[in-house]
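Read from first to last, the chains carry the letters A, B, C and D; within each, the first residue is number 1.
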Amino acid sequence: MIKVGIIGATGYAGQELVRLIEQHPKAETVTLTSQSYAGESYDKVYSGYAHKSYVCEEEDIEKMADECDVIFLALPHGVASKKVNNDILNKVKIIDLGADFRLQDIEVYEKWYTTHYSKDILPEAVYGLCEINRDKIKGKRIVGNPGCYTTCSILSLYPLVKEKMIDLSSIIIDAKSGATGAGRGLSLPNHYCELNESVKAYKIASHRHTPEIEEQLSYAAGEKVVLSFTPHLIPMDRGILATCYALLNNNYSYADIRRAYEKYYDNEYFIRLTREGVFPETKWVKGSNFVDIGFTIDERTGRVIVIGAIDNLFKGAAGQAVQNMNILFGLEEKTGLDYIPIFPA
Amino acid sequence: MIKVGIIGATGYAGQELVRLIEQHPKAETVTLTSQSYAGESYDKVYSGYAHKSYVCEEEDIEKMADECDVIFLALPHGVASKKVNNDILNKVKIIDLGADFRLQDIEVYEKWYTTHYSKDILPEAVYGLCEINRDKIKGKRIVGNPGCYTTCSILSLYPLVKEKMIDLSSIIIDAKSGATGAGRGLSLPNHYCELNESVKAYKIASHRHTPEIEEQLSYAAGEKVVLSFTPHLIPMDRGILATCYALLNNNYSYADIRRAYEKYYDNEYFIRLTREGVFPETKWVKGSNFVDIGFTIDERTGRVIVIGAIDNLFKGAAGQAVQNMNILFGLEEKTGLDYIPIFPA
Amino acid sequence: MIKVGIIGATGYAGQELVRLIEQHPKAETVTLTSQSYAGESYDKVYSGYAHKSYVCEEEDIEKMADECDVIFLALPHGVASKKVNNDILNKVKIIDLGADFRLQDIEVYEKWYTTHYSKDILPEAVYGLCEINRDKIKGKRIVGNPGCYTTCSILSLYPLVKEKMIDLSSIIIDAKSGATGAGRGLSLPNHYCELNESVKAYKIASHRHTPEIEEQLSYAAGEKVVLSFTPHLIPMDRGILATCYALLNNNYSYADIRRAYEKYYDNEYFIRLTREGVFPETKWVKGSNFVDIGFTIDERTGRVIVIGAIDNLFKGAAGQAVQNMNILFGLEEKTGLDYIPIFPA
Amino acid sequence: MIKVGIIGATGYAGQELVRLIEQHPKAETVTLTSQSYAGESYDKVYSGYAHKSYVCEEEDIEKMADECDVIFLALPHGVASKKVNNDILNKVKIIDLGADFRLQDIEVYEKWYTTHYSKDILPEAVYGLCEINRDKIKGKRIVGNPGCYTTCSILSLYPLVKEKMIDLSSIIIDAKSGATGAGRGLSLPNHYCELNESVKAYKIASHRHTPEIEEQLSYAAGEKVVLSFTPHLIPMDRGILATCYALLNNNYSYADIRRAYEKYYDNEYFIRLTREGVFPETKWVKGSNFVDIGFTIDERTGRVIVIGAIDNLFKGAAGQAVQNMNILFGLEEKTGLDYIPIFPA
């Protein structure tokens, strides 16, 4: 059994990790920590665990490094980069669900986020978008687990960018997320009556997932990509839908574009291309690690419109983190992740 | 008192009309009709009217034309154009909430909808977007009341188009609507458990409000506008949010763009520009006739992003229809429409 | 115009009051105060008021007493009883939306709540359940506006208690409330993702509305009533449904019971008895001052089951407060309150 | 592997069964049938199965009896009793999720439902409430899988009834269910905008789960139990909460009552008693087979109030059906059912 430590286990993504590891046939959580609830039994925080006996511990990453095979970090940005160092990495694999090890361009990181405290380690971190970077992940000591919006957005556009089928300057991603994306921290906008029965955009032209999407698509394109990304908050718990717009570089047919997607994704278990004329809905991936992708050509404007859907807590956070663990430890990638979406839920 | 007839009073837009007219100080509903519920008392269809005594009647537009000052039509497209003729219009004002009298380009209408049965009358119909066409509406016999998505989209972009500040070929409108937009007719996708807790796009690159938005923006631009429009369904009852993207023609500042909006909307009671840095949310217009508009400049991409919000049943349907009635009958425009948004609701 | 002051205008009930007074033809808000937002413009707290120019002021009840005809208090319990005194009451009418002036039994108040600081004034306060206490309210200086659950529960059971048709020891009220009932204060259980898609009971056998219901039903019965009351939280914004159970004292027919309800409520505009076989739903009273009541006899068990529905922010708080104002100032009771329920919303 | 057939696989309970069997380590679905979608691939009905290749077949129970080890029936009442006969039962185990084999009292069945067509078989059917009837289920050919409300209600009250701690004539069950309980069939009340943001009671004093609860509690009591049962519809997808009231026969303490629950449930994996002062919420059992039960004593009225919570599609339907399969085939009861509740979802 892979011995797992989870730091930050009482946020939504942390809890999803606890759940997935609990049900994983080859891994078990040996330590889970929480800053807010240290010393409390876990089921006082999440009553769904009443039949289990987890206790929230104080974080002690040194000790965990000795006892665990892998540590998942589910922490605010800027915190992980302070905790990780070479000694830790010599003892344990790190999968960071935060932003600190996702961007290789340190200037970009520090512009959009904050000071980075592990600049020496950053270069060896791999961006854990499994379907794209699988081979680079193997053997690594540290994985920067992708953001939720970014996972959905990059996978939706990757084949088109890689195959140079779209005008890179024309990309617009209009994304919609359920409220778990906003986390468990209290704030008036996330109070039930404030969020319910309404929709809004937020962090327009300024959301931190923008440079992450751009960096990865730039690698794919072999040139710098700059794009517009607008997140919206939807009155539902889980799910991200990304509606992506771009001008086609040629008079491509549906079949041409489909061929590009199939070239990259045909063997990807967790990526499902929808039938022609059918488009993703977040409910069809809820509680699963799937990424559903569909597209159409807007003949009148010469644009392709691609829709991607994921469960933000699953493929967009904890599920992909487990997928990365599976890769790191040589397990079949879908081990412990092969869930049919739960519906209606 | 203005004597009002409502044909199609048991759909969601029809019912909202009944409600608004009931509370209107200068108008009263004398006849309301329903194909599905003829003969039934209205509160069997909508129990909220239990203290009233409306009865659904069989539609008889000839009789209504004799008895009413204005008839509102809330009917599926293609039906209104069969019912209206010159004799009717000689006796009564018509405000059509459907699509039949919105598009002046008959070819476009018949391509996107169906055969038009009142081609002779169409030229005199006015597009009832009150803030833009107020002067043209006065004195008309027939008004094509704008669609919900179109009202929100056109008003969000009008000043930029009119002032030639944006690249017309770059316009993308990504719109989100509550479920009342899908109407009261039964269908599996609108069943509670199918729609709840999920988000999806639909009629991608093919929604019928596209040509309506294009026709009106083309008038404003003085040239043909072709754009991308993508509607999404949100798990909530009311509200439309339109997120509009366009390339700026120049290096405009926030103030430049704001000036354009103020030029057209400063005296418009029902259009509210949000403060800089604040963006519309549908909850802040719910149950009201307001259109909230906010925007930002995405410096990195040279785009302006405009967000508009309306209540789809109110400003997007029944409220605007009443606003048109007020114009036609020389009342102050906000008569019977001056509601503070209801919140939380 | 009646000059209105509102203390605590930024809570949900306070805001609903602002809205109703804004639209009231005979009253206007001259001062609104907020502890949390003093000095801020009101539309920064509630963007729906962007076209208005209210500013939140520091509370100064002395000054308000000089300038206003009536002051509404929307404050936590225990605060109002400190603010009100004989001098204030000599200058201005007080309508308290909190609990401090609802219970006449001071021992009961202090057991369920806290120390009472206006014991001298309490005896002259009237319990503002308009349909029952209308005549006692007229001419009073201070009104204790009833609680939301209590309004719905008492009105649902009053005729049966008054007519001695039920076994008083058998009363059980199982109530369900939307989340606005929990207020705008931040707390984890009212965070969107925690409350959404779940239902729970809370304060079981210990909710403070219990003694309030009991005191009023005891007046009606002419003897002490003790009952079980269980509130539940429902994932929706507004509305209370009370499902009330009691053993019938006799083999009454539906008509017998209906006659009792009609005896007390036939002339009550805001109380609507549903048709036989039809039962209240909260949606049919939303955004209105109506109380819908329906009942059935469970022949097998000898019980009557009465269902009542109100909008908790309207008839359960702000609407009833305005109704009390109308009574105090000699206006027709439904002035400014005669709204058709808004649906779907 | 146990070979499974599912008749009625496209309803909500049927689909949940398909999902659970798909993920069950010792069972596999060999045939699934659907009246409405015969011939269609299953993922056209439920897109969540896009990576699978199930096809909906025409029902042929004879053929299925030859090919399967167990057949689950998820059919409207009155249909199952026509399909099952002795020949079928000689070849295959039957687990019926409908009502036809739940009630042993045929008069009661025919009064509340319809004509029964397998009166000869009924006596050997066992009521599949696993925690109560485990030993009776083993070796049986046919199981009547309990209803959703009934599972929750009976398990909530069983120890109190069995131990004669409550007045049997005083039982009232006020239950709240999510909308999946209403099924996938189209009807206006289950349309999104009609059900959303509202709560109502329905089938008051006349819901068909009443006699089912009564029959089982009567067995436990050793005498006839008659009770009041009121179901309510809640705007959420999944979950049932039962709030149960009864007069205590004695001056029992919390500990006394807890002891009774522990006597029956201490070794029950799927029944979790909440800590004193903590009460069940449906979210904490969602997506799991757990039954959470909590209670308090209302000292003032002498009543005990018991709250039970289940996931209506899981323990209330498909999960319990699989639990019954596990019992019938000698597997550990929690095989394929040991899920942590999914949250937030």
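Note that in this section contacts are C-beta pairs under 8 Å (C-beta built on N, C-alpha and C of every residue); 3 or more make two chains touch, one makes a residue touch a chain.
All figures in this text were calculated on a predicted structure; none of them were measured in a lab.
Taken together, subunit B and subunit C share the touching chains A, D.
Distance from the centre of subunit A peaks at C, each centre being the average of the chain's Cα atoms. Computed from the mean C-alpha positions, the centre of subunit A lies at a distance of 46 Å from the centre of subunit C.
One finds 39 Å separating the Cα centroids of subunit C and subunit D. Among the residues of subunit B, those in touch with two or more other chains are 12, 180, 193-194, 196-197, 235-238, 281, 283, 286, 344-345.
Residue ranges on subunit D touching subunit C, taken from their complex, read 169, 172, 174, 176, 178, 193-194, 196-202, 204-205, 226-228, 230, 232, 234-239, 241, 243, 245, 279-283, 286, 296-301, 303, 305, 307, 344-345.
On the side of subunit D, the complex with subunit A involves touching residues 12, 15, 18-19, 22-23, 46-52, 180, 197, 237-238, 269, 272, 274, 278, 281, 283-288, 290, 292, 338-345. Taken in their complex, subunit B has these residues touching subunit D: 12, 179-180, 182, 184, 186-188, 190-197, 235-237, 345.
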